[in-house]
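Should a chain be cited, it is by its letter among A, B, C, D, E and F, assigned in written order, with residues numbered from 1 in that chain.
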Amino acid sequence: MLGLRRYVNQLGERENIDQVFLVADKQLRANRNGNLYLQLRLTDKTGSLTGMLWNATDGVFNSVETGNYLRVAGTTQSYNGQLQMIVTRIEPADSGKIDEQDFVTVSSEEIVRLGQRLTELLRGMKNPHLLSLAECFLVDEEFMGKLTEAPAGIKNHHAYRGGLLAHIVSLMEVCRVVAPLYAELDLDMLLMGAFLHDAGKIDELTYDREFGYSDAGQLIGHVVMVLSTVEDKVAESEQLSGTRFPPELFLRLKHLIVSHHGEYAYGSPKLPMTLEAIALHLLDNLDAKLYSVAQIMKEDASGESAWTSYNQSLGRKFFKGKPPGST
Amino acid sequence: MLGLRRYVNQLGERENIDQVFLVADKQLRANRNGNLYLQLRLTDKTGSLTGMLWNATDGVFNSVETGNYLRVAGTTQSYNGQLQMIVTRIEPADSGKIDEQDFVTVSSEEIVRLGQRLTELLRGMKNPHLLSLAECFLVDEEFMGKLTEAPAGIKNHHAYRGGLLAHIVSLMEVCRVVAPLYAELDLDMLLMGAFLHDAGKIDELTYDREFGYSDAGQLIGHVVMVLSTVEDKVAESEQLSGTRFPPELFLRLKHLIVSHHGEYAYGSPKLPMTLEAIALHLLDNLDAKLYSVAQIMKEDASGESAWTSYNQSLGRKFFKGKPPGST
Amino acid sequence: MLGLRRYVNQLGERENIDQVFLVADKQLRANRNGNLYLQLRLTDKTGSLTGMLWNATDGVFNSVETGNYLRVAGTTQSYNGQLQMIVTRIEPADSGKIDEQDFVTVSSEEIVRLGQRLTELLRGMKNPHLLSLAECFLVDEEFMGKLTEAPAGIKNHHAYRGGLLAHIVSLMEVCRVVAPLYAELDLDMLLMGAFLHDAGKIDELTYDREFGYSDAGQLIGHVVMVLSTVEDKVAESEQLSGTRFPPELFLRLKHLIVSHHGEYAYGSPKLPMTLEAIALHLLDNLDAKLYSVAQIMKEDASGESAWTSYNQSLGRKFFKGKPPGST
Amino acid sequence: MLGLRRYVNQLGERENIDQVFLVADKQLRANRNGNLYLQLRLTDKTGSLTGMLWNATDGVFNSVETGNYLRVAGTTQSYNGQLQMIVTRIEPADSGKIDEQDFVTVSSEEIVRLGQRLTELLRGMKNPHLLSLAECFLVDEEFMGKLTEAPAGIKNHHAYRGGLLAHIVSLMEVCRVVAPLYAELDLDMLLMGAFLHDAGKIDELTYDREFGYSDAGQLIGHVVMVLSTVEDKVAESEQLSGTRFPPELFLRLKHLIVSHHGEYAYGSPKLPMTLEAIALHLLDNLDAKLYSVAQIMKEDASGESAWTSYNQSLGRKFFKGKPPGST
Amino acid sequence: MLGLRRYVNQLGERENIDQVFLVADKQLRANRNGNLYLQLRLTDKTGSLTGMLWNATDGVFNSVETGNYLRVAGTTQSYNGQLQMIVTRIEPADSGKIDEQDFVTVSSEEIVRLGQRLTELLRGMKNPHLLSLAECFLVDEEFMGKLTEAPAGIKNHHAYRGGLLAHIVSLMEVCRVVAPLYAELDLDMLLMGAFLHDAGKIDELTYDREFGYSDAGQLIGHVVMVLSTVEDKVAESEQLSGTRFPPELFLRLKHLIVSHHGEYAYGSPKLPMTLEAIALHLLDNLDAKLYSVAQIMKEDASGESAWTSYNQSLGRKFFKGKPPGST
Amino acid sequence: MLGLRRYVNQLGERENIDQVFLVADKQLRANRNGNLYLQLRLTDKTGSLTGMLWNATDGVFNSVETGNYLRVAGTTQSYNGQLQMIVTRIEPADSGKIDEQDFVTVSSEEIVRLGQRLTELLRGMKNPHLLSLAECFLVDEEFMGKLTEAPAGIKNHHAYRGGLLAHIVSLMEVCRVVAPLYAELDLDMLLMGAFLHDAGKIDELTYDREFGYSDAGQLIGHVVMVLSTVEDKVAESEQLSGTRFPPELFLRLKHLIVSHHGEYAYGSPKLPMTLEAIALHLLDNLDAKLYSVAQIMKEDASGESAWTSYNQSLGRKFFKGKPPGST
């Protein structure tokens, strides 16, 4: 029987667990002796841990679906400084008993709210050309459907269903408050850039079942892929509005997308050369880093320590906790 | 006679000019034939250009003071793509006829306003320890006097009297609007970090007459120099408040300062390891870059072109102008 | 009167010259005293040298057109190790007396020959999809016209009218002989990649009068710009042939274009991930470097030395001459 | 009994195998419990996989020789994404039943053919000095014997007995077809450079039993080691021919060798400064990369995927397969 | 019963051992099956090896103390090229039977000797200001106590109790003999820099029980941390001596400390800008590298080979042994 | 008439000078107007300054020889922060009135002393093989003659006749005092490495008249060039001594030479892999840097400032002067 949920970030070593997790990844592997085992990444909204089910079979493997819920029983332990679970039993989750709020995926309500906020922010723009262009995207159900579904990444920031939308809206909110502080920054330009900068990820990534990269995603990349969509929408917008989309505005918009990685070393084919491009790159970086590091802190298993374990890709440990005296 | 001012960013080639400039730099140099000439950097609030006065003497050189106003007559021309002026006459500026608003230095009223805003932002903090510490800085007239006088740099961003204060307040305003968007960010910590991150520049730079680096500034640097001031103020604050300043809070504050350059390559002895340190580094970068690039665009002499000339230190040209359709 | 031509690479110091050059660049500049002079880059097929005409005027400046022929009289001299000419007179060139063969621009016959060779190489492909796609480009007169006119760069390799076509055909010839040596390499794929890899330069550069970058060229870049053209042509080809262009083939082709700069540091948004992409990157590099360095050797003014002067962008000197004993 | 061979690149998971492999590497290791096991790298001409024999002894270990054939029985499985085999029995291979063609080592016939082609290409040179020098190498049986035996590397490209010869001849073939396309390139110089650039590997590597590095190879390296051999041969050639080997030709040849790694970062003591050195570096890179990547694609175990697994040293995955429509 | 000691660098595979080791690290870990084991780093003065005790418990784990002696019985084996020991029994070491000389920690006599030598070298300085300042440090028992206890690092050079003192004295000895060879170098400045450059490690590291980093150590770092101590001591010295410590001397001293990592990439906030700072950086590097590499050679398990195994952090293997013919 | 010498480092602006200098470089250049002038680098033992003689001719140019003495009259001035001299008259120096001690070249006595010290240090070695090898070099008059004549560089450290010998002996002295402090370091190995590491410069550089690079120097480089000399001498030594030079010793010696630049980025084909190679690289760096920076400080024209002007190649300014209180 399932009792009160123990969230991942509450788990200590040697706890007996029997509750539902969202499966983020599954692999059937052989150990050195040739025996198969199932390795799962089990998540809820507070973090993730690895589960190991010994003596697995193809049947067991096929019965599990990434992106779905699974009831898992077993015991936690620490392995190489990471918390993991020795799984003793898995079974389908009773959907009636799942509280979607417990999981890291954004709830349907939240998705709806984010979608509404996106619409609101875009419709609040003053530039008639950008407004008309935004409308063409907003009424494209396929585009909006994918934008709502996609994660913002496979492993790094916002790597969950709905994560792309969450990142875009969060970045637009930052643009909205920062732009008024700099007279030279054009808010609408920034909002449109924030809306589209990562939109290529809807085709770069695959996420209807498992998260991964599409062939086009790997060979071309989201920075370049979104451009032809933008071209189509601009043509559509011109037709609908009966006005020419100013070529320079179009250039500036494409430049925002093409340069948003900010440095050649990160695969950016161009350096930011407009004020909005400079701002978009740094604020995108801010939004992604703050999310990632907060996540790293939350998921860190070295519970009692003030420090996370060493993060390879960022090249450092992080110091957890809140400043003393903060309210 | 001085007519209506022609601002630096309005000047074209081959204009005859007779008006007041603020002298940012002066040098007495010999040409290849051994004849002396005076080279001046003449500025107003819209930009700067180089002035050359042939056949100068030590006396002429000594009569000019950097950081002061000077009436300059001559003719503009373009030299290697930069606008310069062949100066034919210089004389002391008639102080009664100077409109301080025309020059890049912040006006006295603006300084007062910035100082008040700084006080307001600091006094609005909720963390009692940081509040008490801030008060110790605010009542230190020598410290506040220097903070009000200092530039934020010699050549780069905010390189004018009052520029340090302007940068600090601008950055604090950004922190103020961004922090509420991220639940994990502590606003007071960020505000205090923004207030102190560059405060070491009051002793790193020299600016009572000419802008330059002090010996300590070159050998130690502002990142490290400010720490002993902070230590003194923390001791003072503890004495005044009768409460211990939490050691972890002190560490977090010092870390914000020590890591704000963000990468080893920029002379940062530590990488940012708290959420506030990550945010401070990126927002500081944002504030400095937006100011610099906006300035580069304003000062660019290639007036009719949509592009600035190539900027060596940032490794690119910039695309000027506003997005078409913006309001 | 114009006698027998002295080619640029035959010129020594202190020669009196009166003959026709092709003007590659012109600038009206002021010297330190404010006097204007005209600075020209004078070229023929063997190299280029700088010409200085003192006491120039706007009228003189406007009378000269880059990309056109000009009769120039003056005296050569060495300045900072570079040969230059003090120009005493310029006048329009008598077009009847110009032997186009003397100049670095490819002759009309050569352009025709290169165009025919390009067609021949493309029509020799076996892959029906690529063949059909190539045909769509070949019949597009505007595209082919620009491809015939454009240089391959502003300063670096093949920086002359027709240079882009020359580089493309030269690279295709290399691909043609190298591919058969590696069983895994697909010749047609390589030929198509060589044909299109730099085709974006027809819109990245401006070259109807002076060589330069278009706004789109600077903000987006040729690597990305050509993709929408390719998309249009693929659609056209599908319509004409009535067959679907295989999506994977399309991806591979776009990948060849997107990755041809080979490394992130050179603004490549993707690293080469197919065998053809690896080969195209290295052979493109080979063709460009061999042309540039051969040109640097030809144009080098330090005539009697076995060494060219130091080349900043390649970070070295080059050793001129042929190996002893070669035939 | 051994049936029809299953090549390494045909193997899937959970296959029972009993056939001959070429042993590329062997190690006796202890697991965490202190039990010994034998780890083998088993290869044929299509790739390699790891074999694990549990409960091994020193005797078993000594009975296996790297570089020799071994009959191996066991079952395949996937371990961490790599195909491996749990070996249940090993025994000496029945030499009568080995088809040398099945293994990656070049066949004796192929070695002979490569040697003849090398001779042919060298004897086709026109430069009498290089021709005479080449002859001195060709008649040196010890040198030629080692050149025929050596691999071109331990792990990277052409890492098999005869691989050095195969790489050299392949590179010479490329030089032969590319040089005629560039008037300034000297074919003979290139051929001689291609012949000798990696010849130092005959002493840098050890390969009479196992592949490895000699002490000299590690401390000095092949780039430098071959130079004294070249010096000896030039002296010999001068004596035989009675003509002085032109000192400049000698310098150019040594420069080709010394600079062929092309960049300081790859341990090149000099950057390429002649046209031939530039071409040799890029074509060497081309030949090595195409071989390596084609090999990575062939050996990749993720059979059904279009992508190889991530390659650490090249920093990317590769996209397998042929372009659709190719013939 | 404990017989004659087998030093770590004498151990081969499959030896039965029962003797005392100094425990440098301990970890309680779970294997994949969830069973706990104890992993120890066992050291003596000749090197270290890993010991594994299967089926451990919390009680066993708590009974072991890092930094203390432990009697260990078990069998050696090689695992992934490293020598390790399968431990079968541990028990407290009989302190009466421990010969402190056998262990890598400096003996008490050695510590005393190093402390005396430090004092001697400092008291031998001629500069009265530095002499007085040194005295203030020497009489500070808490400071000297920590300086005597601390290691110079966690993993790298001199990572043992007393290692910091050993490194400082060793570096001062080098300074003492090198300075007289360069007329421009100030010996006292160098000695004082060598004394204080790493003194911040007494608070950066934790070492009363286990070696680690303090929070301040990670967030601020030893380069910066020591400065406030130096400031306090300078004030003390001024009070004691009644003379002002020359401000420039103070700056030079702080600069020596702040710049001793030598390059931005190593977290140095400043590059060395005085002759003494240049020398201190290079000689510090020399002392640390020679110690580390000698240690790597001593500890290397690949006994019979002339080469150590590949060292990740230094990016190479090392060639062991003494030059033939040396005495 | 020549009065008391004013040394280069004593010169201020606007001094009238008439005295002898050593000419380090001469160039005949044209100014923009085509008039020729002679540019000289005038040196004495304390530094160098540029001299400009207007309206020069080929005859004047040919009358001056670099590396020789010249009597020069003119007036000093500062140009772009560098002291230079407007030369009004040059004439041959009266050799009877030249005090060789005044010039940066090492005096004949000093050369003799350095040669004797070199001999002494080499003959003091204990290793019989190295001793015998050293003897073969010492008796080679051509080799020793060049070693005595050569500079250690063209522009950087020890760039004067005899500079190579001075650098070698200075480095050997450092090795002599440092080696005894590290038990693992072999002094003789280090001494021999210091003796030979830069010996290739005797053929890499040209210095019988003007300093420059030989073709071989540029194409091959001193690191590699010296190896064949060492090979010849080892053969000679074996013949003389009748003993085999231990191959490993030979390898270690070659490795010292090949790796002494220490990092790939500096053109080192190998990283240091023996203790002696690590020490030699760092001490060589120390000796070269201390010499260069001391020289930069001495030659700096910004006399009254505590700082040298910015040094491009070292990327910083330097802080001049001695520590206060030093004796």
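Definition applied: a contact is a pair of C-beta atoms (placed from the backbone, for glycine too) under 8 Å apart; a residue touches a chain by one contact, two chains touch by 3 or more.
Please read all numbers here as calculations on a predicted model, not as lab measurements.
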Inset, instruction - State which chains count as neighbours of chain D and simultaneously of chain F. - result: C, E
Inset, instruction - Quick one: superpose chain A on chain F by CA and send over the rotation angle as a multiple of 5°. - result: 180
Inset, instruction - Compare the CA centroid of chain F with every other chain's and tell me the farthest one. - result: A
Inset, instruction - Select the chain at the greatest separation from chain E, using centres from the mean of Cα atoms. - result: C
Legend entry - Fraction-based call for chain E against chain B, same above half, different below: same
Legend entry - Selected interface, C-F versus E-F, where C-beta contact pairs are more numerous: E-F
Legend entry - Distance between chain centroids, defined by C-alpha means - chain C, chain E (Å): 60
Legend entry - Approximate Å spacing (C-alpha centroids) for the pair chain B, chain F: 44
Legend entry - Junction residues of chain A - those touching two or more other chains: 31, 215, 218-219, 248, 252, 255, 273-274, 317, 319
Inset, instruction - Any two chains that touch count here, so list every such pair. - result: A-B, A-C, A-D, A-E, B-C, B-E, B-F, C-D, C-F, D-E, D-F, E-F
Legend entry - Complex contact set, residues of chain A against chain C: 215-216, 218-221, 223-224, 227-228, 231, 248, 251-252, 254-255, 258, 264-270, 273-274
Inset, instruction - Over in the complex, which chain F residues touch chain E? Could you list them? - result: 126-130, 170, 173-174, 177-178, 181-182, 184-186, 188-189, 246, 248-249, 252, 255, 271, 273-276, 278-279, 282-283, 285-286, 289-290, 293-294, 297, 315-319, 321-327
Inset, instruction - Give every residue of chain D touching chain E within the complex, in rising order. - result: 29-34, 215, 218-219
Legend entry - Residues of chain A defined as touching chain E within the complex: 31, 52, 54, 75, 77-80, 86, 306-307, 317, 319
